[in-house]
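Got a structure for you, questions after.
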Amino acid sequence: MGNVIDFSFALEVFGKLIGYVPVTLGLALSSMFFASVLGLAVMFVRWRRIPVLGQLATFYVIIGRALPTLIVLYLVFFGLPLLLLILSGGKVNNGFNQISPLVFAVLGLTLHSGAYLAEIFRTAVQSVNKGQMEAALSVGMTSWESFRRIVLPQAAVLALPLMSNQFLGLIKGTSIAFMITVMELFGAANVISSLNNRYLEVYIATAILYWLVSICFEKAFQMLEAKMSFFKERKI
Amino acid sequence: MIALKNIQKSYGDNQVLRGIDCTIPTGSVTVIIGPSGSGKTTLLRGINFLERADKGEIILDDMQVDVEKATKKEIHALRQRTAMVFQSYNLFQNKTALENIMEGLVVVKKLTQAQAKEKAEVYLEKVGLVEKGSFYPTQLSGGQQQRIGIARALALDPKVILFDEPTSALDPELVGEVLDTMKRAAEEVKCTMLVVTHEIAFARDVADQMIFMEGGNIVEEGRPREMIQAPQEERTRKFLSRFTLQQAGIC
Amino acid sequence: MGTYFSLEYMLESLPVLLSYMDVTILVTVISEIAAMVLGSAVALMRIHRMPALNGLCIGYISFVRGTPFLVQLYLICFGVPQILGAFGYADIRSLPVLLFVLMVMTLHSGAYIAEIMRGSILSIDEGQLEAACSIGMTAAQAYRRIVLPQAFRTAIPALSNEIISTLKNTSLVFNVGVIDMLSKAELMGSFSYRNLELYLDVGIVYIFLCLAIHAGTVFLEHGRGRHKNQAAMVTVE
């Protein structure tokens, strides 16, 4: 009974695992950055209704949101080397073993989140009052200027709550990267637990770390939202 | 001077503008009246290419634009020379009152920030809202927002300002301040104005020309006082009767 | 190209993998039904600020939303046997893993559903509850017959998203020993080395299931929007 939880072991594990939090955060932040760029591009292509590209973008958004993260990661992990192999006519054969699995993970997580962000951005742009664009055009701005200076900043604020939600999801989603051998927080937890044949302590420590990180970011986003919504409904 | 030649526009089978011709001399004020659905908004939006009309010509001083064939460049040039005041104000929600006026000056007229600020403050003064410069639109009343909207338009020195029912979304007690602002714009700035409104008193006191539209046609045009007192067309008389009755009741 | 990628193998494997789809659907359906009950209960406890329980619910929701599903899955599936073992249950490995998985998925989804339901219950006009009580219903009756049905209706889109997210989470449960499409794909891949083909198959199945849920939601929203249509008609008159 006394050995249900070994506290000193738990504490020791906690200390070890903290070292992997930066990996998890790095994965989440870089994927979020690339996914935002991708999502913006996809949203823009759909917004301008660019032929072919627009349809492709819509297809990507539907498929990207229907696939589990793990499958996306697997498809990138197994598919990308093959794709390059085929495109190069068999020349680029080796060398994939040298590519860090981190690269595949960031790519996979980017593709996955990008689809969600594209949809978030699209909804946000759509919910900006149409009159804003018209007023900007009537002042003599080009449609690009109107979009960039008037519509986009307002859409960004509208998108903020959903974006922060997406990022919080991404932090948790990075745990799936261990399946393609990335040594992030959860991957490290798995190694430690199986080496010591003790699970409860390790996964509790892991959960607490994720929880703390999530809470910190949640609070930060709440503060950011409060700061950014200066022009939304705040009647005097 | 702005002139429209045979402007036509249909939505599907619904012919909304059936060939509109009119001329507005520089520095004059023209008021358009007419029942709801007669195509007034469509006409103004057509001039600014927020909606492209099907046919016709728009002449703005030395510029001549064929609506059907207008290029992106022509549309942009036209928009740079016109300005619009919207029924729902449409102030940029992410900008303060002052920044709303500055925005077009910086982006379109390419003034420096400092120049734009200086000019914007002048116009803020003209509409009597100097102390509201740092307020966001949601912090202003409807009347104040619309006055900023007018300042935003005036500051661009446009050849013509298009007003689409600028006071119809306002609470009655706020209508006066906006009409006063428009009146001052007409008298002091000598701005060319095309105004859709149902404020007959404003038309009578400020406008040089009045147009009555119905069913996509101009039914009658003339000097406001004469038209209000003695409309030539039966349809104009009918439409105006409720306003004159209203005014008779008030006076 | 055939040496790198075999369409034939992909098509051949699809029916094999499809035969494992029932596990995926079963796990999703059972845990989601249980999660709806749990989530609604938690939502009501929170709305009524039941002492002690309210705080517990807040902690539970925060924990589930703040930690990855995988961690929760491993915590229960590997941690609970360790506890049981410490108390002397020797036979822990014989407990069906599916039971643990269903428990985790229910607890996980239940927290998200609690937040969804709380939001939609709060969005229902308080007058509805008062009206129901005024004709003599008990609070329980009023909730079951008047408030909750309306709350479920407003929550349909969000609940549908939650079901889809639960469905996608099933792609992770093979890690703790559930035999499903992914464990089969992994097994087949270790012989054929054609993992890409196999995972494409699994991906197609998931896409199909997601779109099916989505279509069902749209149908439900349009087919059952009676209240709203009537309201619109009244205002037109």
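What to note about this one:
Order as written gives the chain letters A, B and C; numbering starts at 1 within each chain.
We adopt the following convention: a residue touches a chain if its C-beta (ideal position, glycine included) is under 8 Å from a C-beta of that chain, and two chains touch if they have at least 3 such contacts.
Remember, predicted model here, so these are calculated numbers, not experimental data.
Looking at which of A-C and A-B shares more C-beta pairs in contact, the answer is the pair A-C. Once CA atoms are averaged chain by chain and compared with the all-protein CA average, the nearest chain turns out to be A.
With centres set at the average Cα position, the gap from chain B to chain C is 55 Å. Put simply, the C-alpha centre of chain A and that of chain C have 21 angstrom between them. For this pair, chain A with chain B, the centres built from the Cα atoms lie 47 Å apart. The set of chain A residues that touch two or more partner chains is empty. Contact residues on chain A toward chain B in their complex (touch as defined above): 129, 131-132, 134-142, 145, 149-150, 153-154, 157, 230-236. Within the complex formed with chain A, the residues of chain C that make contact are 1, 4-5, 62-63, 65-72, 74-75, 78-79, 81-83, 86-87, 164, 168-169, 171-172, 175, 182, 195-196, 199-200, 202-203, 206-207, 210-211.
Interface residues of chain B facing chain A in the complex, by the touch rule stated above, are 48, 50, 76, 79-84, 86, 88, 90-95, 103-104, 107-108, 136-139, 152, 156. Listed in rising order, the residues of chain A touching chain C in the complex are 1, 3-4, 62-63, 65-71, 74-75, 78-79, 82, 85-86, 168, 172-176, 178-179, 186, 189-190, 193, 198-200, 203-204, 206-207, 210-211, 214-215, 218.
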